[in-house]
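Note that chain A is present in both complexes that follow, paired respectively with chain B and with chain C.
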Partner chain A sequence: MKENILIIGGGIAGLEAAAQLLKLGYNPIIVEKSDHLGGHVAEWNRLFPDMTPAEDVVSRLIAGAGEANIFLNTGISFVNRLKDSYNIMLSNGISVITRILLFATGFTLFDAAKKEEYGYGVYNQVMTNMDLERWFNTGNDERIPEEGPKTMGFVHCVGSRDEKARNPQCSKVCCITAVKQAIEMKQKFPDAMIYCFYMDLRMFGKKYEDFYISAQRDYGIRFIRGRVSEVSENIEGRLVVKAEDTLSGKPVKVTMDLLVLMAGIVCNPDTCRTAGLVSLPVDSDGFLKSRDNIADITESPKEGIFYAGTCTGPKTVPETLAEARSAALAIHNYIQGLK
Partner chain B sequence: MIGMIFILSYCLIGLVRIILQLPKEDRKRFFMSLVNPKTMAKNIRDIFCDCLFHVKLWKRNKLLGYMHSSIAFGWFMLIVIGHIEVLLYTPHRAKLFYFPIFFRYFVAETESTMRGAFFFFLMDFFLLMVLSGIFLAMFKRLQSRLFGMRRTTNPSFLDLVGLYSLWAIFPLRLLAEGFTADISGGSFLTKSLNYVLNSFLSDHTNMLPAWWAYSCALGVFFIVLPFTRYMHIPTEILLIPLRNAGIKIRNARKGFAKAEVYSCPSCGLCIDACPMGVMKTHIKDTTVYLNRQIRRNNERRIEEISDKCLLCGKCSAICPVGVEGDKLRIAQRSLRKYSVNPDYADISSDALSVHAEGKVLYYAGCMTALTPVIRKSMESILKKAGIAYELMDRDGGICCGRPMMMAGRFDQAREMIERNTRIIKDSGATTLLLTCPICYRIFKEKYHLDGIEIIHHTEYIDRLVRSGSLKISRDDRKYVYHDPCELGRGCGIYEQPREVLSCAGELVEAAKNRKESICCGGSLGSLTLGFDKRKAMTENALANLTVAAPDVIVTACPLCRSTFNRYADLPVEDIAETIDKKCV
Partner chain C sequence: MMDFGFKISPSSAINLDNADLSLYDELCKAEPDICKCMACGSCSAACPANRFSGMSVRKLIIDLQRGKKKEAVKMLSDCMLCGKCTMVCPRGINTRHLILSICKLYKED
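What follows is the complex of A and B.
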């Protein structure tokens, strides 16, 4: 009989790990709390740096994991530790006995309403990166005028690198996401004036720097180094964004029709709850703690429990997929070692 | 004897110094208040209530109150009755002030009239009262929790000397009087002890070492007194009339500030009160330690303690002798020399002028600008109530000056106050509306806007609801109200927001509320406290707010709102948001 492996989370990490585990001859079971597979990526439109449609990536991953047992709209009720395995009770009443648990629980987007000064949920023209991607997908959002915004801005690091917002970590992907979204907006509305307010631009990945240079050179996107201090509304109902341009040392004030907040990656509170069921430790950055942050990133300090993807910290899509494969291999080696 | 002369001359010199250190006008005010019969009556009443009966402590914890008032009042009565006895029996010796203290040693019982027995009974009764207080004090060292105190002060060496000599005085007095009770007379306590002692120590010469020990303990106590926390006993008697005369801290170390510092009894009630106390590392940053360091002139620690404080004012609110920890700290900050002193001379108020003749002028302030939802809700409420208003800082404005005031930079604050005053007076408005308690406090305390009403939005909404301009629909949600430091302890506004909220739904209370409300941890007051430290305070304050399982946390300060919002699992709203959602 094939060995059961319980994968918590049906995002890209869970799907890719399931596909690899199937190939290695195991029986992966995916438990997904929402009603769809693919997690956040499934709600995205196109992915940097080659503008690959996110839909393609997700459907390929779903096809790869097709033979796995998948439970949608399902959570974990409780976990019993048996002698050398876990008895896991799912919220749909099914119980699973497994020696291996894989956390692929992902992240949540920082709640932009917690940065009150940016007025998310207060002003009609303020949205998040997620809202914008959804609009790319559906074309349906009242906040974006039909004829497009005359002037718009992106605020980097909303809820990232911000001690006041309880998250001092860099979310890694928002810099490049902002550049990507700015280019996409410029492609849709060539006459729009687009600003990016940033602290640092962390263009570490493959072709990111080219992307950034192209945004400036080919698309004329204005990059202003400095955090936005406050957002208000003028009498006409347009947004007034105040920031400091730290390169020229002067305060700037721009009137805009649309402001996009690059909400950062924070640990999923459900992850922490589930991790608590098997008493997994949380690292000082708020994400799950690996056995070793260099050599054993996919392994937890507990026997038989593994990690893949953003439950251990912010990651890009290719990094997450690579980690999912690596976790599958680590699981395989672990099971071989048990025999 | 030496002890007594020393302490009396020390107190006299100290008194004269403090009074001389007061600015001239304050000194005049003080002396005028002393001859004013109304303040005089208040002084006497306060001295009796606070110094002898410790009414405030009784209200806090009965055991703690009994402990203090039994020692203070009991001792006071012993002295008074002792003097009466001397006056009655040996009037010719009354000039010697040591005589009543050792009365029993000098005088042999000559008559057993009713009057004598009565006084002997009183003396013994009060001695017993003091002894019970001393016993409680010893017990408190071991079990302070029973007295309503989780933590107490760590006494310094001299404090310990004072403490032990104080503890020793009365048991020794009992012993000494016990030895001489058959000669000099006594009552139920001393007489019976005398029988016990006589049964195995029949020699009367034994009384000598006991009397010596008693007088030594007394002498030691009085000699160390000026250098210990017990200095609060004489100083508080000076502090009370000074405070009643309306005198405020003008100098960081002299005059009234000095009187406050020396009035600190080092009781440590402020340790439990301090919001920073959630972390043990901050215990030594509380007001009691600030006072100790000021007495020692330890500049490094004074600076550290003064800068770290959140200025929530809770220590001042609960202090039994009325030491103002927050104001003392601001005064210390004002001593600081900065290399850069911003000059706001080039900021012109003309560009910011508004016209609001006869209208309400709404000054949102910096903090509300950072929480735009409050401004939006407040404007919506004003529109719904049909109030003609004008926004003072829609497109930028000048800070109210309170942050600079808190940092002890009074000149900079004054410049802002001048400019804002001009804008407001020129606008022609009749009412100044504020949604931020930080602004509200400085407008109330430092601005002179003669004729223009200064009002916080909690008061204003309350008024609108009462007058019927605003109709609120009720729901069955539970609201808990957090008292912002600057609004509650700072300006004394507790009732209006509660009145308003009880119209919106069910009002529940936090474990500690009103005067004892816990700072959210976001305060502008602290100059040095990092976010990692503030986090624990915010979580503690939230735990305090949610004991009654509310559905919504409501506050009336933009800073409290944004601080809580980042840590709370419940929705956090400003009172303006709550009311705006519920009125038509």
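What follows is the complex of A and C.
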């Protein structure tokens, strides 16, 4: 009989971990609260740095995890701790007995409407990075004029590095996502003037810096070092965006037709609820706490409970996949040690 | 000194070796939040006095950190204490309170 391993979350981390665990001879069971697999990546259009279609990545992962038991639209009702295992009751009435729990619960996107001064949900031309990706996928969004925006802007760090929003950490991926989306918009609308308002540009990953240089040199995207302080509407219904250009030390004002807010990564509140069922600790940044933030990221302080992906903090897609593989191996080693 | 009919203008470089930061250190004790500033410029962009007088909390903090007391104190008189900067600061610094503390410490001399 193959050993059951319960994976909470059917995003890319859960799928990749399931694929690896299948190969190692286990029986992974994926519990996913939404009606689709692939999590946030499934709703994305293209991924940096090679503009890979997100659809391809997700379908490859789903194919890899095809043999796993997958429950969609399912949550976890409660968990009973048995002597050396967990009895987990799912919301569809099925109960699973397992020695191993893998949290691959991911993140939620910061609710941009909380930053009222940016006018998300107030003005018609303000959208989030997620809305823009959806538009890339569907071509359907009345906030984007058919002929394209004459002038548009990206606001970095919305709900990231923001203590007022109780989210002081850097979300890691928004800098490069903004540059990627700016380039994509410029490709679609070559005449548009595109601004990026940033505090710091953190181009840490493979080929990110090339992307940034290309945005400046090949696409003429203008970078302004200053945080947007407020957005308002003028008499013609266009957006007036105010910031300080901290490099020249002067206030700047730009009138725009479209503003994209780069909403950051915050810990999924459902994760915290599920983590509470097995009394998992939360780290000082609000994400789940690993046994050690350097050596044992994929292991929780509790026996038999493991992590993969963004439930422990913001991560890129390749980082998440690498961590899912590493979690699968950690689980394998743990089970071998029990015998 | 001999008059050559011209003089060398003083250097505009900031010499941190000669900067007197004793008052700034005192300010840090009273307002530890000042060290959290990441110079994003939200305060200056929100400031209603900025476009008329150049008032800027971001510049004020940098001036103090560089020991440029005279420039900093001059800027203080442009502040109307409206508190808009406090509302927008992403690091949650009480900039209005900070300005009052700076006034207390620096305006004596």
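A few remarks follow.
In this section, the second predicted complex is superposed on the first by the 339 of 339 C-alpha atoms of A that agree within 3 Å, B and C clash if a C-alpha of one lies under 4 Å from a C-alpha of the other, contacts with A are read in each partner's own complex, and residues count from 1 in each chain.
Note that a residue touches a chain if its C-beta (ideal position, glycine included) is under 8 Å from a C-beta of that chain, and two chains touch if they have at least 3 such contacts.
Being a predicted model, the structure only gives us computed values, none of them experimental.
Look at chain A after the overlay: chain B and chain C clash there. In the superposed model, A:Glu116 lies in contact with chain B only, and not with chain C.
Of the two partner chains placed by superposition, only chain C is touched by A:Ala243; chain B is not.
Once the two complexes are overlaid on the shared chain, A:Leu258 sits clear of chain B and of chain C alike. Applying the stated contact rule after C-alpha superposition, one finds that A:Leu102 touches neither chain B nor chain C. By the touch criterion defined above, A:Val58 lies against neither chain B nor chain C after alignment on the C-alpha atoms of chain A. After overlaying the two complexes on the shared chain, residue contacts for A:Glu163 are found with chain B and with chain C alike. In the overlay built on the shared chain, the residue A:Glu230 is in contact with chain B and with chain C.
Clashing C-alpha atoms with chain B after superposition occur in a single stretch of chain C, namely 96-104 (options considered: 6-14, 60-68 or 96-104).
Common to the chain B and chain C interfaces on chain A are residues 117, 163-165, 229-230. Residues 369-373, 376, 394-395, 530-532, 535, 558, 561-562, 565-567 of chain B are the ones that touch chain A when the two sit in their complex.
Contacts from chain A toward chain B in the complex involve residues 113-114, 116-117, 119, 121-123, 163-166, 229-235, 240.
Contacts from chain A toward chain C in the complex involve residues 117, 157, 161-165, 199-200, 225-230, 242-246, 249, 251-252. Residue ranges on chain C touching chain A, taken from their complex, read 38-47, 50-51, 54, 56, 58-59, 88-92.
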